[in-house]
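Letters are used for the chains, namely A, B, C and D, taken in the order the chains are written, and counting of residues starts over at 1 for each.
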Amino acid sequence: MFSNPLIYFVVIPVIMLLGIYLCRNMAQIRAVAVTGSLALLALSVWLLVDYLGLRAAGADAPMLYRGDWTWFSALNIQLSVGVDGISIAMLLLSSIILLTGSFASWKINPLPKEFFLWLILLSIGVFGFFISIDLFTMFMFYEVALIPMYLLIGIWGTGRKEYSAMKLTLMLMGGSAFLMLSIIGIYYNGVPEGVERTFNLLQIAQYDAIPHDWQCFLFPMAFVGFGVLGAMFPFHTWSPDGHACAPTAVSMLHAGVLMKLGGYGCFRVAIYLMPYAANELAWIFLILTGISVVYGAFSACVQTDLKYINAYSSVSHCGLVLFAILMLNTTAMTGAIMQMLSHGLMTALFFALIGMIYGRTHTRDIREMGGLMKIMPFLAVCYMIAGFASLGLPGLSGFVAEMTIFVGSFENTNTLNRVFTIIACCSIVITAVYILRVVGKLLLGPVYDKHHEELTDATWWERTSTVTLILCVAAIGCFPNFFANLIRTTFSPEIFKVLGM
Amino acid sequence: MEIKLLYYLVPSLVMFCCGLYGFLTRKNMIAMLISLELMLNAVDINFTVVNRYLFPGSQEGMIFTLFAIAIAAAETALAIAIIINLYRVTKKVDIDEAKQLKG
Amino acid sequence: MEPTIPILILCLPLLGFLVLGLLGPKMSHKAAGWYGILSMGATMVLAYITACTYFFSGAPEFIEGGVRLQHVVFNQDWLNFYKELTIRIGFLLDPISALLLVVITTISFCVHLYSLGYMEGEKGFQRYYAFLQLFSFSMLGLVVATNIFQMYIFWELVGASSYLLIGFYYQRPSAVSASKKAFIVTRFADLGFLIGILILSYFTGTFNFTDFTGTVLANGSSVNDLVTPLNVVASFGGATFMGCSLLTWALVLIFMGGMGKSAMLPLHIWLPDAMEGPTPVSALIHAATMVVAGVYLVARLFPLYLMEEAALTFITVVGAITAFYAAVVACTQIDIKRVLAFSTISQIAFMMVSLGVARPEIHEGLGYMASMFHLFTHAMFKALLFLGAGALIHAVHSNDYTAMGGLRKYMPVTHITFLIGCLAIAGIPPFSGFFSKDEILSACYENSFVWGAWMSMVAGLTAFYMFRLYYLIFWWDEPDYGHHKPHDAPWMMSLPLIFLALVSCCCGFLHFGKFVTWNGEPYDIHINWTGVAIPSIIIAVLAIALATVMYRKKNDLPAKFAKASCGLWTAAHNRFYWDEIYLFITHKIIFNGICRPIAWFDRHIIDGTMDGLAWCAQRLSVTIRPLQSGNVHSYVYVYLFGALLLGGVTAAVVLL
Amino acid sequence: MDYSQFLVMKQEIGLLVVFLLVFLYDTFMSKRANAAISGFTVLLVGLLTVYGFCCGCPGATESAFAGMYVTSPVIACIKNILNVGVLIVLIQSISWNNSETQAIRRGEFLELILVTLFGMYLMISARHFLLFIIGLECASLPLAALVAFEKNKYESHEAAIKYMLTAVFSSAIFMMGLSYVYMLTGSLYFGEIASVVATESVSVLLIVALAFVVAGVGFKLSLVPFHLWTADVYQGAPTSVTSYLSVISKGSAAFAFLVILTQVFGAVYCQVWEWMLYALIILTITVGNLFALRQTNMKRFLAFSSISQAGYIMLGIIGNNDMGMASLMYYILVYIFSNLAAFGVIQAIENATGKLDMTDYRGLYKSNPHLSFVMMLAMFSLAGIPPFAGFFSKFFIFTGALSGTTSVALYVLVLIALINTIVSLFYYLLVVKAMFLSKEEPVVPAFKSACSERVAMWVTVAGIVFLGIVSCFYNDILLLCQQYGLAGALV
C-alpha cells in the first residue's frame, strides 16, 4: 500500500496532525506546518514530472498510479486511488495553497495548535478527494473536508461568524445529502446485470450501464450536490457570508481549493458517469450557472466589504467553471479546469491580501480605506496583480482560462448555449468594473484615514505567501499550453464518446 | 341456544373499550390502573375463547392467558409501588399533577 | 529572415519592464531613465533594421514580382483550443506592421527621451519608465500579431498599460477615475471584439490573419489550404442573424473593439479624460499609437471587410459622424490637451472613413493607402503637438489656455515646432498632413461626393480649431506669469520636438504608395490638384484666416460668437453631454437599476429563502411543542389514534 | 422433556449466572465490600461479553423448546453488541452508583439492569409470541423501577409513572393485536403464523392487528407517534438509566421489530408494513428532529435525538433484506458507542457539578478540553460526519434501505431522511457551538472526572473512531447476515 506515491498525500497530513499535536510552541507548529506543506508540494511536483514522463513513455491508461485496496469487501468498497492530469493539477493547486495558507496564518491567534489541526484535517479531506476514484471514499473525504470549516470559521472567524459557519455547514451538508443519494443510486444501477457492484468510477464509466431514466434522476442530484459547493446559483448564499467571516487561511483554502471540489466532482461524477443525462439536462444547469456568472459579478459591484466582493466574484468565476463543464466539449472542459486552477490561485491571493490588509487596518470596508498604495506598496501592487488576474489580463491565469472557456463554449452549436456564452462573456466587463472600483477606492486616491499612514508593509512571511501565488498565476498565464495539454491529454476519448464528440 | 364465538368476542371488545375509556378519562391513577386491568382481561378472554372455539386442538391461547395474568399482576404491583412513591412526594394520586416534565 | 531581431524587438521592452518594475525602486532616477531610453533606442534601431530589410532588401520572402508579401517570421504555439484553433505568439511582417514598427519605436523613443526632462523629480519615476516599456512591448506585440487572438491579447495589454499610465498620478482622484473609465469603456468595446472573434473563428476554424486575408504568400500559396476571404464567406454558409449575415455581425463586432480603442463615437468618452495622465503618455498612447489600433485592426482585416459592404458602410458612417463631432467639440475646449484629444479623435475618424470608403475597384483601394499614410503622418505631428503641449504645461503648470498667451516670446522652439504641427494638421502644403489628408479626401470624393464634402468641411474645422489653439497659446493676451517667466524646455525635451517637426515637414514627400497598399502592389500617388487639393487648401486657409481674425489678439469676438450660437457653444463645450448620458446609464441604470436590486435580491430573497427555511423549521418546532404536554392522557390519545390511523389508512390504501 | 435444550441458551445461562453471582454478592457480602459490587459486576459482565464472543456463539441456527427459542450467529452477534453496550453503561455508572445516595440500593440497580438484559435476550431469541411477551415485559417492567430509582427526586417518580402507565397501555394494545393475530392464524409461533398468512389474502382485521403490533413494539423503539413518553422519561430517569434506555433497550427492540416484521409478516404483508414503516420513518425522523431543535436540557435533547435515530434505524428494516439487517445491527453498534460517549460526558459533568443544561456547556472547551472533545466526537458521529463511525453507519443504512429496490418511493424516503440529517446536524452543532465557539467564561469549572468515567470515554471514543474506519466490523456482520440472516435461517 505504501509503495503507491498517492497514499502519501493522505499520510503526510496525518503525520502533520500528529506532529502538531505534539508541538509545544508556535515556532514548532509553524515548522511542522511549513515542512509538511513543502513536502506535499514537493510530492505533487514530483508527481507531475513523473506523470508527464510516464505519459511520454506511452502509458495510456485513463488514470495512472492506480492502486486498489479492499476496504468494505462486502459492498466492494475499495480504497482506490489514481490520478490523471486534472487531479494532478488540483493536487498541485491544493498543496500550493496549503503552503501559502500556512504562511498567511503565521501569527494566528488564539489557539494556534487547534487551528492548524483543523486546517490540516481539512486538507486531508481535500487531498483524499482528489486522489480517490472510488465514489464512497471520494464522498467520505469530501465530507471530511466540510466539517472542519464549521470550527475554523466559528472559532477563528470575524463578524457574524457563528451564523455564517452554521449556514455554510448546513448548506454544504444539504448538498452532500443529495450527493449521497445519487452515489448510492449510481452504485445500484451502475453495473450491468450479473456483475459485481462497484463504487469505482472507472469501472462504472466503462460499463456505462446506468439506465437513462435513472441517469435523469441521479444526474441533477449529483450536479446540485457538487454545485452547492461550486457556488451555483441559487445555492451560493453560503459563500459570501462564509468567506467574509472566515479567517484568512480558511478563506484561501476554501475558496481556492474546496470550491474546486464542486467543479471537479461535477465533472468526475456527474458528467463522467452520466453522460446521457448530462446531454439531456445540461440546459437547466446551463441557465443556472449562466445566471451565476453574471449575477455574481453584478452583486460584487455594489458590495463594500472586500471579502464580500471577492466572495461574489468567486460565485461568478466558479459559475464559469460549472458553465464550461456543462458545455460538454473538450475545449470548454479544459477551460473549466484551467479556470479552477486560476481561480483557486488568484482567489487565494485575494483572500491572503485581504487578510493582511485587514490585519493592519482592522476594517474591510472599502469606504473606510483609501490610498493604500502609498502606505503599503507591496501589498497594494500584489492586490492589483490579483485584480488584473481576476479581470482577465493576458499574461495572468484568468485570461487563458476564460478564453478557453469562451472559445470552447462557442464551439457548441446549440443556440441556447451560444446565447449564454455571450451572456457569460459580458462578465469580463462587469468584472473589470468591480475590480477597478475596488482598486481605485482602496489602493489609489488620497489616503483616507490618517491613522493608516503609520501602517507597515508586508513582512517576509507575507511576501513569501503572496509572491508564490503570483508566480503561479503568472506561470499559468504565460505558458498556458503546458497546462492545457496536461489537462487535455487526460480526457480519455471514451468519456465523450457517448456525448457524440 | 348455542353460544357462538361472537358472543364472547363482542363483550370482550366492549370490555376493552370500557377499559380504554376509563383509562383516558379518569384522573385517579388507581382508577387508571383498574382500567388497564380491564383491557388486559379483555385480551385474556379473547385468547381463551379463540383457543376454545377455533383451535381446540392446542393449548396456546390458554397458556398465553395464564402468563398474561401473571404479567398483569406484576405490572399492577409495580405500578402501585410507583404510585405510592409519588404519593409520598406529592400527597396526591391525580395524574394531572404529574406533568412537570414536558416540552 | 532570422527571427533573432524580431524576438529582440519584443523582448527588449519586456525585459525593460521587468527590470524597471522589479529593480526600479532600488535604482536612481537617472539610471532608470537612461536604462529605459537605451532599451527603447536599441529597440528602435532593431525595428528600423527590420523595416528596412522588409521594404528595401527585395528578398523573395518579402516581395515577389513587385508585390509585397506577408511574411511570418516566427509563430510559436501559445495555447491550443481545438483542431487548428491555436493562439500563437508570432511576428508577422507586412507593409503595415513594418510601418507601425517604425512609428511606434520612433515615437516611443522620443517620448522616453522627452520624459527624462518632463518627469524629472517625479515620485515613481522608475515606475513610469517601467510602464512605458510595458506599453511599448504591448503595442509592438499588437502590430506584429500573426493572428487575431494574439492581437486581442496585446490589445488587452495595451489597455492595461494605458490604464496604469493614465492613473500614474494615483493619488489624484481625477486620474484614478479617468483611468478606470478608460479601461472599462475599452473593455466594453473589447467584449464586442471578443464575440466577433468567437464568431469568426468558429466558422473559419482559424485565427490566422494570413488565412483570413488570404494575401498570397511566397510561392503563391496560402498557409492553410487557400483560405481566402472568399472561403471565409463560404465557411459562414450564409448564416444570418437578425437580418444581417453573421459575417457582418462578426466584422461589426470586431470593429466595435476598434471603436473602443480608437475612441469612435459613442465609445469616445474615455479619451478626453485620459489626458489626466502625464503629457508624454498622451503623446505616445493617446495620440500616436494605441488609439490608432482600431484603424490598424480594420486595415488588418481589410480584405475581409471588403467582402461585406455593410460593415464598411458602418465604419464610414461612424467615422464621419465622429470626425465632425470631435472637430466641433475641439473648437470649444479650454484645456489644451483636450483640444488635442478631440483633434485626435477627429483625425482617427478620418482614417476610419478613409478605410470605409476604400474600394479596390476604385483607384486600387486608394483609401486604404491614404488611411495608413495619414496614420503615419498623424502619429508624427500629433505626437509633436502633444509634446509641445507638454512643454507648455511644463512651463506654466496649467493645462488651460487661459493660463497661457503670448508665449511665442518666451518659448521660441516650442512655438516654431508647435506651429509646424498645426500647419501639418491643417493640411497646408508642404507639410505632411496635407499629403495624407489630400489622399483621404480624394478617396472620399471618389466613393461619393457626400463623403468628400463632409470630410472637407471637417478638414476646414480642423484648421480652424488648431489655429484657435495656436493663437490662444502663443498670441492672444499675456497673463501675469509672475517672476518665473516661462522658458523653453531642456534639451532632452526640445530635441524630440525638433526631430518630430522635421519629420512632419518632410515625410509628406515620401512615396508612401510604393510601400503600403492593401494588396501589396505599389500604388502611384498623384495629387489631384484641381479636383481636391486646391479647394481643400483654400478651405484650410480660409479657416486659418477666420481663426486669425478671432483669436490673434484679445477681443470679445469669441464671446459674442459663443453667445450668438444659441446654446450650441455650451453644448459643444460640454461635449454634447455624452459624459452625463454615460453617467446616467452607468450609475442610475446599471448601478442602481441592476446591481443594487440584484444585491438586494441576493441578500433578501435568496438568502432570505435559506434563512426562511431555517425559520420555518424553528416555527414548526414551536408549533408542535404542545404535543409534548406532559399529560399522560394526551400521550395515550396520540398513541391510540396513531395506531388506529396507521391501521385504518393502511387498510384503506391496501384494499382500495 | 429434554433438558439438554437449555444448553442451546448459552448466553442466557451465562447472563443468569452473572445475575445470580451479583445477587449473592449483594445479599451476603458485608456492607464494606458492597462498595465494590459495581466493579464486581463490571468484571462479570466483561467476562460475559468475552464469553459471548468466544463460546456463546452457536455454529449455526439452533432452536429449543419446540422452536420457541432460536439462536444463531446473527442473534448471538446482536446479543454481544448489547453486552458491550451494557458493559459500557455499567462502567459509566460506577461512580454514580458508588455515591452516598446509592448506598442502600447499589446492588438493585445492577440486578435490575441484568434482568432487563435477560428480557431483551428473550425478545431477540423468541420465535413464539408468548416468549416474546415475557421477554418484552421482563425488559420493560424492571426499567420502570430503574426509572424511579432516585427516590428523593420528584422527576424520577413522575417519569416512572408515565413510563409505567404508557407501557402497560401499550402492551395491552399489543396483546389485543396479538389476540386477533391468534384468532386469524391459530398459532403464536412466528413460523406458523407466517405460513398461514402467506396462503391467505389480505384482511382488514389482520392489518389492524398488525398496526397494533407495530404500535406495541414501536412504543419500545419510541417511534412517532408512540414516542411521547420518551423525552419525559429520559429526562426524569437517572442518567445511567437514561443511557441504558436510549441504547440497549432501543437496540434490542429494533432487532426484535425486524424479526417480527420480516419473519412473521414477511411474505405477503411486507407490502403492508413497508408502507406503515414508510410513514412512521418520515414522522419519526422529522418530528424527533423538530423537537430536538429547541431543547436545552441535554438529556431531553438526546431523547429527541434518539427518537430521530430510531427513525434511521428503521430504514434498515424497510429494505427487508440481509444488507438492511446487517446495517441495522451495525447502526445499533455504532449508535451505542456514539450515544454512550455523549451520555458519558453528560454523566461526568452531572456527577461533578449537577449541571445538565446546554447553556452550562458554554466555554466547556476552555475548562475541560478533553470532555468537550469527546462530546464533539459523539455529536459528529451522531450527525454522521466522516471519518467517524456514524458516517459509515448512516451510509450503510441508506445503502441497505435501497438495496435491491428500484422503487423511487424508497429513494424519496432516503432523500427525506438525508435532508433531515441537515436539521440534525444543526442541533448537534449547537452543542459543539456552545462548547467551542462561545466566548463566555465557562460555567463548568475544570474538574477531573472519575477514573471509570474516563475509561468509558476512551472506550467510546475508540469505538467512534475505529468502528467505521476498520472495515471488519461491518464486513463480518454483513457476512453473518448473508449466511444466517433473513433467508429463512432465522425461524
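Heads up, the rule we're going with is that a contact is a pair of C-beta atoms (placed from the backbone, for glycine too) under 8 Å apart; a residue touches a chain by one contact, two chains touch by 3 or more.
Since the model is a prediction, treat every value here as computed from it, not as a measurement.
At the centre of the protein atoms shown, by the Cα-centroid criterion, sits A.
Set against one another, C-D and B-D show the most C-beta pairs in contact at B-D. The mean-CA centres of chain C and chain D are about 77 angstrom from one another, to the nearest whole unit.
If each chain is reduced to the centroid of its CA atoms, chain B and chain D end up 27 Å from each other. The distance from the centre of chain A to the centre of chain D, each centre being the mean of the chain's C-alpha atoms, comes to 42 Å.
Centre-to-centre separation of chain B and chain C, using mean CA positions: 97 Å.
The residues of chain C that reach two or more other chains are 614, 625, 628, 630, 632, 636, 640, listed in rising order. The residues of chain D that reach two or more other chains are 161-162, 165, 169, 231-232, 426, listed in rising order. Each of residues 170 in chain A touches at least two other chains. Chain pairs recorded as touching, per the definition above, are A-C, A-D, B-C, B-D, C-D.
Interface of chain C with chain D (complex): residues 614, 617-618, 620-622, 624-625, 627-628, 630, 632, 634-636, 638-644, 646-651, 653-655.
Across the complex, chain A meets chain D through its residues 71-75, 77, 136, 140-141, 143-144, 147, 150-151, 154-155, 161-162, 165-166, 169-170, 173-174, 177-178, 180-181, 184-185, 187-188, 217. Contacts from chain D toward chain A in the complex involve residues 323, 326, 380, 385-387, 391, 395-396, 398-399, 402-403, 408, 411, 414-415, 418-419, 421-422, 425-426, 429, 432-433, 436-437, 471, 474-475, 478-479, 482. Against chain B, in their complex, chain D makes its touches with residues 129-130, 133-134, 137, 141, 144-145, 148, 151, 154-155, 157-162, 164-165, 168-169, 171-172, 175-176, 178-180, 182-183, 186-188, 231-232, 235-236, 295, 300. Contact residues on chain B toward chain D in their complex (touch as defined above): 16, 19, 23, 29, 32-33, 36, 39-40, 42-43, 46-47, 50-51, 54-55, 58, 60-61, 63-64, 67-68, 71, 74-75, 78-79, 81-83, 85-86, 89-90, 95, 98-103.
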